[in-house]
Structure formats: structure tokens, C-alpha cells
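These are the structures, in C-alpha cells.
Here subunit A shows up in two complexes: once beside subunit B, once beside subunit C.
Up next is the complex of A and B:
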């Protein structure tokens, strides 16, 4: 089910792989900026991919609280659940 | 990390990217000789990185108007429009802008940056949505942040992507402000206005178009993209700046919505700043007349732009998608862009260097801005220097 957190996490990790080197292991606690080196521009592009993948709109304002992969998955889950 | 440590990180990043002693950003200009020539260090340079599209910074009419206003009204207003800074010149320029666009009313702001800040934060608020192009100018992003509205981006100039995002909003599309630009400052391309207006109407949203780079450049009388496309009635609010084609400093908004005037009472970037000085308003008023009658200036501007764009394209440079006064050379790395920028300056040509994250998609740009005041011979010379540098840097 698309709104299941674990399913979202899995699909999110798949997308994040495209922005990182293949040898990096991504877990929920992984820090997007410090560990995956996803800078502000990459993050904005990632958000657009995520919006299409999950058919949602992610306001840029909501990203201020996103630090880890878990934070981002939680945000997507929250937006999906609210639809 | 302390507040000052954060600035040390910025300094270290700059040092790693830019060679010691090279003042790439904020290059000191010692003397200005004309609309197209100045001195940097000991070298006389050709300005190819200003936004002086019509070359009006030394127009005698503008100089005289500014001198007279300075003598009559002093150096500054020392107050906001709401307090003691609403002079006859400000009000006259607002009427003249409204007349120029055949609109109900207009507002003048202290800078173009503040025009977008004031309009976006005045129109949208908490609970609303602002839908913006991914390549929007910083003033648009900052206006969105100030508004407290939800900010959603669509892929640059991709109307299908824009519509998809409006569809997802459902009923909220009715409280959505869409923001686009007549000409985008990074790549120099134009917004697909007909499609944007059509989608905006279908979703009952509001559209604000920033004509900062297209005022004076597009349309028979220089209104911008709204005139070029004949779509002025489809745009709710038009903003722009005096600091490009008008050769002054300030900003404006015009609209047929009578509610525009209410922004004067709620928009913080309008209320809490000093109004433009009398001299800047006077020169902008004189320049607006020249701009409106500037058919020949626009013809020369476009001839120069097409000439340089075609030459650079023929040389193999990767350029923005369409010709215009903003000609962006897209480079794969900041190092390449830096070498090209430095090479041009060593040959007496001053252009703009744009490095990530300011450049789109992580690329680096060397951006030329063409003026009506340039000559065809100067465009030939610039092309020759680009040809020489292509051999030495890229081969």
C-alpha cells in the first residue's frame, strides 16, 4: 500500500541511490546532507522526483525539518496520509 | 558551530574554488566611461555583463532629469512612502507605469527585489500556495519565504509539470499564486506565457509575471513578454525593475485588479523602507519615455544579440535555448567557467560568472548581457576573443 511507511522508505532509498555513489549504504538514520552529500540544489531536484513518484506536493517550507532519510520518509508519509 | 564559524566555512569554500587575488564577485570598477566602457584596475574594459539593455545610463534626457530633481528636491526622501516619502515624482511615475501598460493602477517600490518581495508576500500568506518556476530569481524565492505560504516548484518552463502540481492541489489551486518571468536571468529564455495563462485560467489561480529582464526588450513599445505575446489581459500582476532597461534603481507593479492599492497598507517591503530618491525617480521617468519610443534601440539590441548568439553557437559553445540579450554560456565545471571568465577579462571584456549553486542544474555559467549601445564591431571583437579562448581553454 502506497501510504505504508516502510514501502515509502524503500522507494525513497531507491531514489536516493541515484544521488549517491553505489557503495554507500542508506539506512533511516542516514543524514542527507552530511553523509549523502545532498546539497540544497540536489535536495530540490530530489523533491521533484519524489513528488512525481508519490504523486504529492512537498512544500519547500517543510524541508527545514528534514535532516535524515527517516525525516523525509515521515514527511512523505504524512503528506500521503493527509490526501 | 558558532555564528562566526559558519562564515569561516563560507570563506573556506570560496578559497577552495577561487584563485587567490582574483576578485570574481564584486569586481572593483574604478571609472565608468560610458554605457559600455569602464576601467577595471589599469585596464579599459568593454561592459558585457551589465543589464543596461537599452544603454540609457548616460542618456542626456535621464541625466538632465536627475540633475534637476536633485537640485529641486534633494538627495533623498529620508522616509517611507507611508510617512514622509510620497513625493509628486513617485505618484507621477506610478500613473505613467499604469498608462504604459494600459492598467488600472501601479505601485513603485524602492528596488526591483523589493517589488517581488512586496507583491508575493502581500498577495499570499499562511494557508495559501505559491507555485514557482525552479529557475526563479532569488527575489521570488525570498518573497515566498516572507509570505509564509507553501512554496511549490515546477521544472523550469515545463507547463505540463506546472499543471501536474496544480492538479495535485485540488481546490487549493484557487488560492495559489503562480509566478513566472518574462525572460529568465540565468539562461535568457522566455516563459511559455500562452500555456501558463491557459492553465492558470483553468485552475482559477492568480498569475504574477516578473518582466525584470524583458521590460524594454520585448514587445512593440517594450512592455515585455505580455506585449510580445498579446497576453496582457491574462496576467494578473506585472512586476519589474528600473535597474536594467531603465538604467536607474527601483521596482514597480501594475495590475487591473483594484485591490493592488491595498498592498500599500499590508506589504512590509513597501512600508518599512525609504522611498526612492528624487533623482532616481526622475531618471526612471525620463527613461520610461525613451523606452516606450525606443523602437530603434530594440532593433539594435536584437541585432547585436542575434549576432553574438549566432557567432558563439557556431563556435561550439553550449548556450541557453533561445537568442536574446542574456546569452548564457553553459560550462561543465566551475574551473572551465573561471578560466573563460578570466580569459575574457584579460582581453578587456567584462562578463558575469555564475557558479553552483546559483547556476541551474549544478552547471557553471559565463553570462553575457548585450546592450543596444554596443556596436556591431564590438560584437565581432567579442566573438573573436571567444574563438581564441575556445582554442586555448577547451582544446
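Up next is the complex of A and C:
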């Protein structure tokens, strides 16, 4: 399970990198809105990439409780393992 | 007296529930076999009965007729697979079954029922169930932003309190938010999911038929900071508007089919794309708003595949399509069937339409399909429609004359600064639009003023809010739309919201113009700038420009601030105060529009404004 999570985190960070400037370091505690500046249009692209990458569907209600990279990785892990 | 009945409708309803199961349940392996049931969508043409165009007394009467045919609603998932079919016949049956359970809750006729409006068959069933049970339903939004939990729950609570709701329902995805919001709300007798309602005993009562003077539903209009206001719409007003939409506006005919991603909690989604098709027995294909937003191509694919003829969008939705659909996707699309591409719900910029038309012309999109219209929840939905099949028309007017003289003077010479406004068409039958000046005098053609509407689909008022009702419904039952515009040869041109006009030294400056200027900066996104005016004790007006800003470096922020001030000064000759705020600070309405009124309130609160501070230089927090 821990390996799964780390794998997800790694792949997620790879995608997040494309939405931010190259000099930003992304760690699990990084805040998606304030630090990575994920606005609503970027969020749509990000969710689309996540859904394609992990072959899942991300429900909107779950995103309301997502603030950090860790939150998002945890959510993806949760959805994947419930599958 | 209370009899537990097994209704035929239940089986179908529960199948639909499973087919459209929220994701948490969809992972359940047992359901996966059921969710692959091959079902065909409801047909476009109804072969068993003639089409009737909204000539009914009430919503339930319309459904009784539609249920005699073969058409209905179809729900598609993010990948474009048909997930559930709700024919009007099944809708009637399921709604009546749920109505008996709602009746068992012991509510009184006219009590309000809150429904979180996800794009699901259950929402539609419950909405009509309320009408069958003599209850007043209203739709509440779903959360859409990252980390929006707290704000969303506050918003729900505001609506529950403002409506004095007696019952509230949400599907399992949203029920926890709803329970949290419902805590301590007085008068709320029952909160649960559609499944929980389904387990309650059904009260076998013969429903009283609804009357045209009764309230059909409430539509909540406002965003997160101002107290939400519930627009009261009667059955008569509703049917009058629906008749105008399907007969005059869309000229609905056999062979029409709708496709929609518009949220059910938005008036254009609910009245325009749920009720209007039903009262004309037209089939609709739905895509959830979230799924559209993530993959806008799916909406166009639905139109193309099912040969839809009518589909509406806000300009923003068209923009998303233009931005996010790849050129390689165009080959698979054939949009030549799309005869009415309705555009409304926010200011329409001609370029948004031109860009969309240019992008999708190779896929067969006909620019003559554009159908700009104007409306607001306070007039049920629609006020004006342009003519079908003629595309959009616009007028270029001299920008200086508009500001200084409040006159729309058509552009004579090249090189002058101009504003271009889209023609929104003329008022529906039974409705009149007029434009008045600040003194209340009616203005002639091409003179800019406040837009007022009178007619058969105007609201009765705001629920439990006599002050706002009095302010909005003026003498003679003229509805003050809060919008500015002008008339020309009977057609309406909307130029912005009234709060959007800032009068500095006797000049009218459109807030929108200032915001557009800001949005042209690379650091500023669309819908992330809000401009308004603040007056000090000497009645001097200061323009404030609030920008949602992601820049972190002090130098970058300072550079943006001073550049904006310079640009505003250059364009309008006035100084302005620039405030940079974190993302998601600016309040938005339920339809995603920025609320300048609320932005202004927020600014005043944040700055604890005293008059002396107004002369101070720009803030940066």
C-alpha cells in the first residue's frame, strides 16, 4: 500500500510539474492553490490528466477537501484501491 | 391509514439509481454488470402522439401528456456512454411514487424542499415528485472548487435558512455536506438521500391537482457572501415563459433534440434544458457539468452522434470548447445538425462567438445557428430571443460617446475606439422591455439606461424578502433587471450590469472595460478582476480594481500594480486603487459570475475603510 501511494505521488508530481514553473519544488505538503497556483481552468486539465493516467474518475465532492499534493495523492490512492 | 405500497415504479427507479450510482457505489463490483446494460436513448421523434407546445396549465399537467409518448431524458457519463434513461413515462411513474413518500413526511402543501442538484435522474424525479405532492422544490448547487468545503457548507446553510426549507435531499456524494449545513437549521424536519426516502412508507393519497396561481418552484440566485435570494415563480409564470421559449424563441418542431451540460441548479439548465424540452415532449441528452468542464469535446460529440438540434451554453462554455478541443478531434464531429446554438446567461462578447465558429466550421458548425438571448431568473428565464437561423448580429458603437453622453452612436470612422455589443433580440410575446434613465424617464432608441421588463413570466417576488422585492419590482410591475443597455429597432443590446457603471466626475465608466483592460495583462486571468467605485464623504468617487493574483515576488506584484494603474489612467483618465488578493477571494454567484456588489462589500470589510484612507496608495495584501 505504501509503495502504491509513493508511486502515485511520484506520477502525480510529474503531472503537476507541467503546470508550474520549473524552479518550484513540489513536496507532499505543497498547497495546490496558494503555492502551485492551480486555478479552475488548470484544475480541469489536471483532473483530466489524472483520470487518464490512473484510469479513474475523480468525484467533485472529494475535491472540496483537497488542499495539498498529499491530499490529492491520498484521494487518488483511495479511489484506485476502492476500484 | 399509512399503507406501505409496492409500486411498479420502484424497480425502475432503483435500477436507475444503480445505473447512475455515485462513484462511491460504482466501485461496488456487484453493480458493474448492471451498469453495462445496453440501453438505447429515448428517440427523437415520438410516433404515438402529436407534439404540443407548452399549452398546459401546470408542470404536472405537461408531464402527464409527455408521459403518453416515447421521448425523455438521457444521462451520459464522462466517457460518453449512456448511463441511464429516464423516459417521461418513467419520470411520471417514479415522481408519483416519490411524491407518496414525501407526503408521508407530514409536510404541509407549499412547504419548501431543498434538493442538491447534481445532473442525475433522481434530481429530476424528486423535483417533479415535489410538484405532485404540492410541495415547492428548489435546486441547490454542488461544490466545484478545490478546498471549498467550508464555504460550500455556509452557502447551503444560507439557502436552507432563506427558504425555510422543511426537507432537504442530496445523493450520497453530497449528503455529508448537506447534513453539516442542516445542523441547527430551524424548521428542517427531514434530511436524507433519495435511497433513504425510498425506504420510507408511502402515503396513499390522491394528490390535489396544482393550480396556475400556486408557486411552482424557487430559484436561488446569489453567491457566497450576500444572503441568497429565492425568486418565486408561479405555475402560470413558468408556463408562460416556457411557451415563449419553445414557440417564439426556439420554434420547436418535430425532429428537435436537445443536448445539455448546464447545471440543474442554474435557471438556464433547469428551466431551459429540463422543463422546456419536457413541455414540448422533446428528448434531451445530458452530460454532467463537471464532465463537460473536464472534457468539453464530449458535449459536441453528443450533439454530433445523436443529431441534436438545440443546445445552449454560456459564452464561457463556448470558450472552453474553443480552448480545449484539439484540432484532431474535429474530424469525428459533424455539427451540421445543430440549428439553435443558444447563448446567454452572461455578457456575450462577439469574439467568443467568432472564435467558436471559426474553430468548429470544419466540423460543420453553421454560424447561423448562434441564437443570442437575454434573461434572468426573476423573469423565470427568458426575456428576449434573437431570430432563429440568422446567427448573431452586433453593433459597433463609439466608446467615448457611450461613456460621456450615454448614447450608442454607430461607428462612423475607422480608428475610433469602440465597444461592440451583441443583439439579444426582442421580447417574447406578452413581454415588454424598456430602457429608462436615472430619473425613471423612458429613453428612445440608442440611449443607454437601465433595462426594465414587464410581462407574464415575471416573478412574484423574492421569498421572505419584501425589501428586495420592493426594490426590484417597481410600480406597474416593472422588473428592474439591474442591467444596462439600449434598444435599437425593437432589439435589446445589453451593455453590462448597472453596478458596473462607475460615475467619475460625471463620466460613466463601465467597470467591465476596466476589468477587460486588467485581463489583457498576462498575469491576470479572465473572471479574476473586479472593478467598482467607492465614494468618500465629499462624494468623490474612487475606482477600485481587485485582482486575484498568484504572484509571490514583491517586485512582480509592484510591477503589475503600477502597470494597471498606468493603463487605467491612460484609457480612462482616472486614478485607481489596485488591490491584489489571493485566488478565490472574489465572490461569485451560483452561475460563476463575479459579483461586483459582493466584491465591493468584501473590499470594504477587508480594508476597514475610513474615508481618509481612500487617498492612500494602492494596497497589496
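Here, the second predicted complex is superposed on the first by the 80 of 83 C-alpha atoms of A that agree within 3 Å, B and C clash if a C-alpha of one lies under 4 Å from a C-alpha of the other, contacts with A are read in each partner's own complex, and residues count from 1 in each chain.
Heads up, the rule we're going with is that contacts are C-beta pairs under 8 Å (C-beta built on N, C-alpha and C of every residue); 3 or more make two chains touch, one makes a residue touch a chain.
Since the structure is predicted, the reported quantities are computational estimates derived from the model, not experimental observations.
Novice: Subunit A superposed: clash or fit between subunit B and subunit C?
Specialist: With subunit A aligned, subunit B runs into subunit C, so clash.
Novice: For A:57, select first, second, both or neither according to whether it touches subunit B, subunit C, the two together, or no partner.
Specialist: A:57: touches subunit B and subunit C.
Novice: Does subunit B (first) or subunit C (second) touch A:6, or do both, or does neither?
Specialist: Neither partner.
Novice: With the two complexes superposed on chain A, say which partner A:65 touches: subunit B (first), subunit C (second), both, or neither.
Specialist: second
Novice: Determine, for the superposed model, which of the two partners subunit B and subunit C contacts more residues of subunit A.
Specialist: Greater contact footprint in residues on subunit A: C.
Novice: Could you say whether A:48 touches subunit B, subunit C, both of them, or neither, answering first, second, both or neither?
Specialist: Both partners, subunit B and subunit C.
Novice: Which of the two partners, first being subunit B and second being subunit C, lies in contact with A:33: first, second, both, or neither?
Specialist: Touch partner of A:33: subunit C, not subunit B.
Novice: With both complexes superposed on chain A, which partner does A:82 reach: first (subunit B), second (subunit C), both or neither?
Specialist: Second partner only.
Novice: Can you tell which stretch of subunit C collides with subunit B among 1-9, 181-189 or 271-279?
Specialist: After superposing on chain A, the clashing stretch of subunit C is 271-279.
Novice: Once the two structures are superposed, pull the subunit A residues common to the subunit B and subunit C interfaces.
Specialist: 39-41, 44-45, 47-48, 51, 57, 59-61
Novice: Show which residues of subunit C lie in contact with subunit A when the two form their complex.
Specialist: Touching subunit A: residues 22-24, 26-27, 78, 142-149, 152, 173-174, 177, 290, 293-295, 320, 323-324, 525, 528, 550, 582-584 of subunit C.
Novice: Which of the residues in subunit B end up touching subunit A in this complex?
Specialist: For subunit B paired with subunit A, touching residues are 129, 134, 144-145, 150-153, 155, 161, 164-165, 168-169, 356-357, 361-362.
Novice: Which of the residues in subunit A come into contact with subunit C in the complex?
Specialist: Residues 32-34, 37-41, 43-45, 47-48, 51, 57, 59-61, 63-67, 79, 82-83 of subunit A touch subunit C in their complex.
Novice: Across the complex, what residues on subunit A touch subunit B?
Specialist: 39-42, 44-45, 47-48, 51-52, 55-61
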